[in-house]
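One structure is given below, represented as structure tokens, and several questions about it will come after.
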Amino acid sequence: MTDAVKKIMSHYTSDNPGTRANLVRMLSHGRLGGTGKLVILPVDQGFEHGPARSFGMNPPAYDPFYHAELAIDAGCNAYAAPLGFIEAVAGRYAGELPLILKLNNHDSLSDERDPIPAQTGSVADALRLGCVAIGYTIYPGSVMWREMYEQLRELAEEAKACGLAVVVWSYPRGSTLSKEGETAIDVIAYAAQLACQLGAHIVKVKLPAEHIEQDAARKVYEGQKIAIKTQAERVKHVVQSAFDGKRIVIFSGGSKVTDEQMFGEVRSIRQGGGFGSIIGRNSFQRPRDHAIKFLHTVMDIYSGAIE
Amino acid sequence: MTDAVKKIMSHYTSDNPGTRANLVRMLSHGRLGGTGKLVILPVDQGFEHGPARSFGMNPPAYDPFYHAELAIDAGCNAYAAPLGFIEAVAGRYAGELPLILKLNNHDSLSDERDPIPAQTGSVADALRLGCVAIGYTIYPGSVMWREMYEQLRELAEEAKACGLAVVVWSYPRGSTLSKEGETAIDVIAYAAQLACQLGAHIVKVKLPAEHIEQDAARKVYEGQKIAIKTQAERVKHVVQSAFDGKRIVIFSGGSKVTDEQMFGEVRSIRQGGGFGSIIGRNSFQRPRDHAIKFLHTVMDIYSGAIE
Amino acid sequence: MTDAVKKIMSHYTSDNPGTRANLVRMLSHGRLGGTGKLVILPVDQGFEHGPARSFGMNPPAYDPFYHAELAIDAGCNAYAAPLGFIEAVAGRYAGELPLILKLNNHDSLSDERDPIPAQTGSVADALRLGCVAIGYTIYPGSVMWREMYEQLRELAEEAKACGLAVVVWSYPRGSTLSKEGETAIDVIAYAAQLACQLGAHIVKVKLPAEHIEQDAARKVYEGQKIAIKTQAERVKHVVQSAFDGKRIVIFSGGSKVTDEQMFGEVRSIRQGGGFGSIIGRNSFQRPRDHAIKFLHTVMDIYSGAIE
Amino acid sequence: MTDAVKKIMSHYTSDNPGTRANLVRMLSHGRLGGTGKLVILPVDQGFEHGPARSFGMNPPAYDPFYHAELAIDAGCNAYAAPLGFIEAVAGRYAGELPLILKLNNHDSLSDERDPIPAQTGSVADALRLGCVAIGYTIYPGSVMWREMYEQLRELAEEAKACGLAVVVWSYPRGSTLSKEGETAIDVIAYAAQLACQLGAHIVKVKLPAEHIEQDAARKVYEGQKIAIKTQAERVKHVVQSAFDGKRIVIFSGGSKVTDEQMFGEVRSIRQGGGFGSIIGRNSFQRPRDHAIKFLHTVMDIYSGAIE
Amino acid sequence: MTDAVKKIMSHYTSDNPGTRANLVRMLSHGRLGGTGKLVILPVDQGFEHGPARSFGMNPPAYDPFYHAELAIDAGCNAYAAPLGFIEAVAGRYAGELPLILKLNNHDSLSDERDPIPAQTGSVADALRLGCVAIGYTIYPGSVMWREMYEQLRELAEEAKACGLAVVVWSYPRGSTLSKEGETAIDVIAYAAQLACQLGAHIVKVKLPAEHIEQDAARKVYEGQKIAIKTQAERVKHVVQSAFDGKRIVIFSGGSKVTDEQMFGEVRSIRQGGGFGSIIGRNSFQRPRDHAIKFLHTVMDIYSGAIE
């Protein structure tokens, strides 16, 4: 095991060896294996946004095999998807790729102000399908927050007893937040903290903007002169908020941007001490060859192979 | 096993041999056995619409034996119905016909804007009655979507462990959708995707119309010039949205139309690469002899025996 | 076994011998034993309407022994009541009379627009009390329909596994229906169909009136010229709607009427092919001797002993 | 369904439709499908006798695929084997062949005088592997008989609730019997009766010899002049002892004999009214082409296609 | 995945993706990863023979860390041990090495003629410790065989449902066998067959000697002229007996021999088509540097890197 992985794993000593082994599997797999950095391919957009909006710009991506092969060929650390997409590939690519079964999902037919996803998979599914982790989305700020936190708690407890890791998508959203507030630096930092406190091993948040949502928070950010001007500074603050870097926090690629924009973001994440990216649409909405080259560049920035 | 069936089965490698055997049973039964195409007879209208509206135009159809015999004599791949209708025939026709027990149903006494069916059967019922699959209806777009998805998840997990297949009726409906939206191409494609992501082996949707419901989707359909002008093009898009043809997607016959209209639809489904039809009212609301001739023609179009 | 009973039993071939034996017990007991007709004495009015409204006009009927003896002496096929009344007599008259334990009941202190009864007994109670069947009331048309259908499903599954029969009281009621709609011919026929689809062996409905409640149904009744003018025609239509006579459907006597009115109704039920009556208030609110004579006449009309 | 199958199924009316469907599946499959006769391929000799003694004379038979393909190509009604052999083929040949999972097996390393097999599979295994039936061996005459009968009872109860059929190998053996007694006509007839009384749907016994083992029995055989001189007479008596032909009783092929010997036995079984054969060693110890021709002849004798 | 691994995995299509993934993990790990060959380090001698007899000749081997590091540094495919040794290393080396938890063990304080090990770990232990497989020892030939086979059956069913693989140590031993019989070719081949029939994914047996133990078997070996003169021929016969090479069969190194003796054995195993070795004492009783060089040579013979 590399020193980078060893250092990360030294923060997970309360977990049983099964969970630790699955974390190591993700950290050791693919092009970034052993660097302590992660690039995960998530494909839940078919469920969350509908097929055409997700795959229409790159039709081979309608095929579930496409994504497993993209993750393998690009050397991603893991592939995350809802039950159907995982069932479609788990048998065929068994043992070739760490899989994360997303246990809850939300569709966009009902665009609720205070969303709560439906549970769409179980820990038993994750075991029979050979996954290394469960994934779960919480929406801090939704009036339904308690239901989500409590369902996560139950599933995480069960997953940990079985030696699985727990990856939490922490996306602030709901009637208590302004639209801008969903990516406000104070709110994203808070969302990272919440996921860690709920027992996540890996946390996924959006890249934060400079906006501050909560008045009570603003006083501290200003009073303490917390640096949040640059993206790297904000990433650094989020990493700090995720148990001072003692929990793996990765950032979502978000909606499609140019290669250069994404490379810039990745450099900021690296500079700020982030652990990596979870890049869905920016991976599978590019043509395959482009996507692989693009992901390799992202990985090489993380590994330091290029600047 | 024919090559057509083998190819379909190669997409279900995560399932246990029991579930795979039951899928093969359906694909191998009846006049279309071995062609990779399916025509299923569903009779849940007695529950869903009431007896007179369902059977009044062809009174022999009040009799549950009538439907089992129609399915056998016409050579359908399977017969799907709620508990009562299946109990009425499972003993008498045991082993003569693959049965699908519909585990939830909704009546039309309460015409809710946001419907959710009641669970009316169980996996244990399906086993004791000798069924090859469970059926379940979801209404994407209903504010009750979460309850349905979660109940489906539980029942599907149990069914799969027992070697049963899972057939999902995915019918968009609810206050988030316009009436036109229920058969909009973007919504139907989404409904197919959702059922697949929820772990369905076979998905049933309505034939989509050219209408696009969601603004976010319209941009992609127009921007990517996704072909949706003809029925065949729309079917092709739905098949693509059902894991690029790696899940069996079949189309409902809908309310009663003329023979020629239905044959036209079937030709479009065949052209678009659809796997078949699930034809209820257009089967049992025709006089028996007519219905059998009609279903044979439908099947022969699917098999390519006629144009 | 008589041919009449054999014919009826030939429609229950999916049930286990225990359930079939209990159906045969009811069909073979009492004055109508072997005729294929049934007259059941139900006494849930004490629970449903209160004691004085139920028994005040014939005070011996306050006594639970009274009803068991009435059922025995009149030669009823079975006696149905809530837990307390059954517990009061099951030991004393053990083996003398088929008992049906009504598993849910509603009181009239809370006169809800959308009623749902409370579960007041269990399958285990039915077994320990030596009952041949469970009884259960559903209110199609209540916004609480789903809860009732799902509770019935669970109880019926358990009862059938234990060899009990399932009798469903299907009483349309609730905010989706007009008062007239509760006995509308389309609604009663639908209620009979629903109970059968939910797996009932015996269905009890009210005698339908000529009114049609649902517009969608009216089109069919008028278009198909479904005969519903006379009571006998309406009964015939309800029997048809109960799986074309392949499920036992009996009619409730309703509130108290004169002997002649009731005999007229019974003649209509016989003419329409109904399987019998379930007569509560018209039995126990008459003085005992009168009641027995009255019930004998009803039975004799059913058996054809008199016109 | 053919009349022959209908007649057989009329004897299994206490079973649920699931079990009946699986019996029909076996009776309808393969070259003898619909004739009411069965030829089953059993391959438990690898477990029972060791690999070389079982497969050494026809080395391709070491391969588990070989047997599934032999059963398919020869048109056997079903294939029976222990867990490992079934697991090796259930996924690959899913849906192509009715499978019987033998739930207990005995090896020949410990040549016990009073044998009892070990349970080596479960009903849950049978379901996940898509089997139509469980198989179970009892050794009437072993001092361990009670343990076997009781384990069979539990497994059969569970199997029947899940809609599986129960096939019992009834092999008299143990310290209470002489070697000759294991195939004595009184003992084999008794063994058939015992399996039926224990709830078997299909019983497998050895062909009986003329020897009578039990003095108490001899008196009746002689006193009543029960005909047991010819093989056909003895088969007829065994069929009579298996509920007078109301349970399916088939005969094991036993150790390897010549084609003509086996054809003679099969003619006797047919003459005596037996339902068929379960032929292991005489199938898979012949070279494949020979075996298929041999099995076709056996089947054609049963179907009456040849004498 | 390499073609060699793909070919092996094509024989495990009845298993769920979790189990398949764990088999692939073992086949892909270490110096032999991808070759289709396996060298596993087992260290249960501390339990089975006592510490001094096991580790006294190489005292660093008293330390559980020693063995995990030896397996890692030598590039073994997996490390197998009882609960204590696995618990001692699972946390420290999490994710670095596929672990096999041996679920039963026998000490040598009670040197029973008919041994049966004690269950010393559980499937839940295997999951929490991050193991890829459970291990289980059976002693065919022991009068306690039934207890072992049945316990294995239960544990294997549970393990497979959780996505774990099942490794069976099949060691003939007991009062029905002579000492020579424990490694007789007929008995070892039988032991391999039994483990496969009991549902093992990987079978471990001792290298067979030319001796034939059972008279019934001798007839076949001689009659069929089964080649068992050379070690390679005997290995080939055992591989054949393990489902004709469709189950992974590996051979134990046994008591300590010279390097050259072991290399000779390994060449025979390779020649005979064996899948590899499980080498305990010959690994950890050599000094560490020697052991690593020794194991590398063994692996290089398997991979064909050297002759």
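A few points about this structure:
Letters A, B, C, D and E mark the chains as written, and numbering starts fresh at 1 in each.
The rule we apply is simple: contacts are C-beta pairs under 8 Å (C-beta built on N, C-alpha and C of every residue); 3 or more make two chains touch, one makes a residue touch a chain.
Everything numeric in this text was worked out from a predicted model, so none of it was measured.
Looking at the partners of chain C and chain D together, the chains they share are B.
Listing every chain that touches chain B and chain D alike gives C, E. Centre-to-centre, using mean CA coordinates, chain D is 35 Å away from chain E. Spacing of chain A relative to chain D, judged by their CA centroids, is 57 angstrom.
Chain A and chain C have Cα centroids separated by 59 Å.
With touch defined as above, residues shared between interfaces to two or more other chains in chain E number as follows: 13-14, 16-17.
If each chain is drawn as a node and touching chains are joined, the picture fits none of the line, ring, star or complete shapes. Chains touching one another, given as pairs, are A-B, A-E, B-C, B-D, B-E, C-D, D-E. If you check the complex, the residues on chain D that touch chain C are 13-14, 16-17, 161.
Interface residues of chain A, counted against chain E in their complex, comprise 1, 9, 13, 16-25, 27-28, 90-91, 94-96, 124, 127-131, 161-163. The part of chain C that touches chain B in the complex is made up of residues 11, 13-15, 140-143, 145-146, 149-150, 153, 157, 172, 174, 176-177, 186-187, 189-190, 192-194, 196-200, 214, 216-217, 220-221, 223-224, 226, 237, 240-241, 243-244, 246-247. Residues of chain A that touch chain B in their complex: 46-47, 49-53, 56-57, 59-60, 62-66, 82-92, 105, 107-111, 116-122, 124-125, 129.
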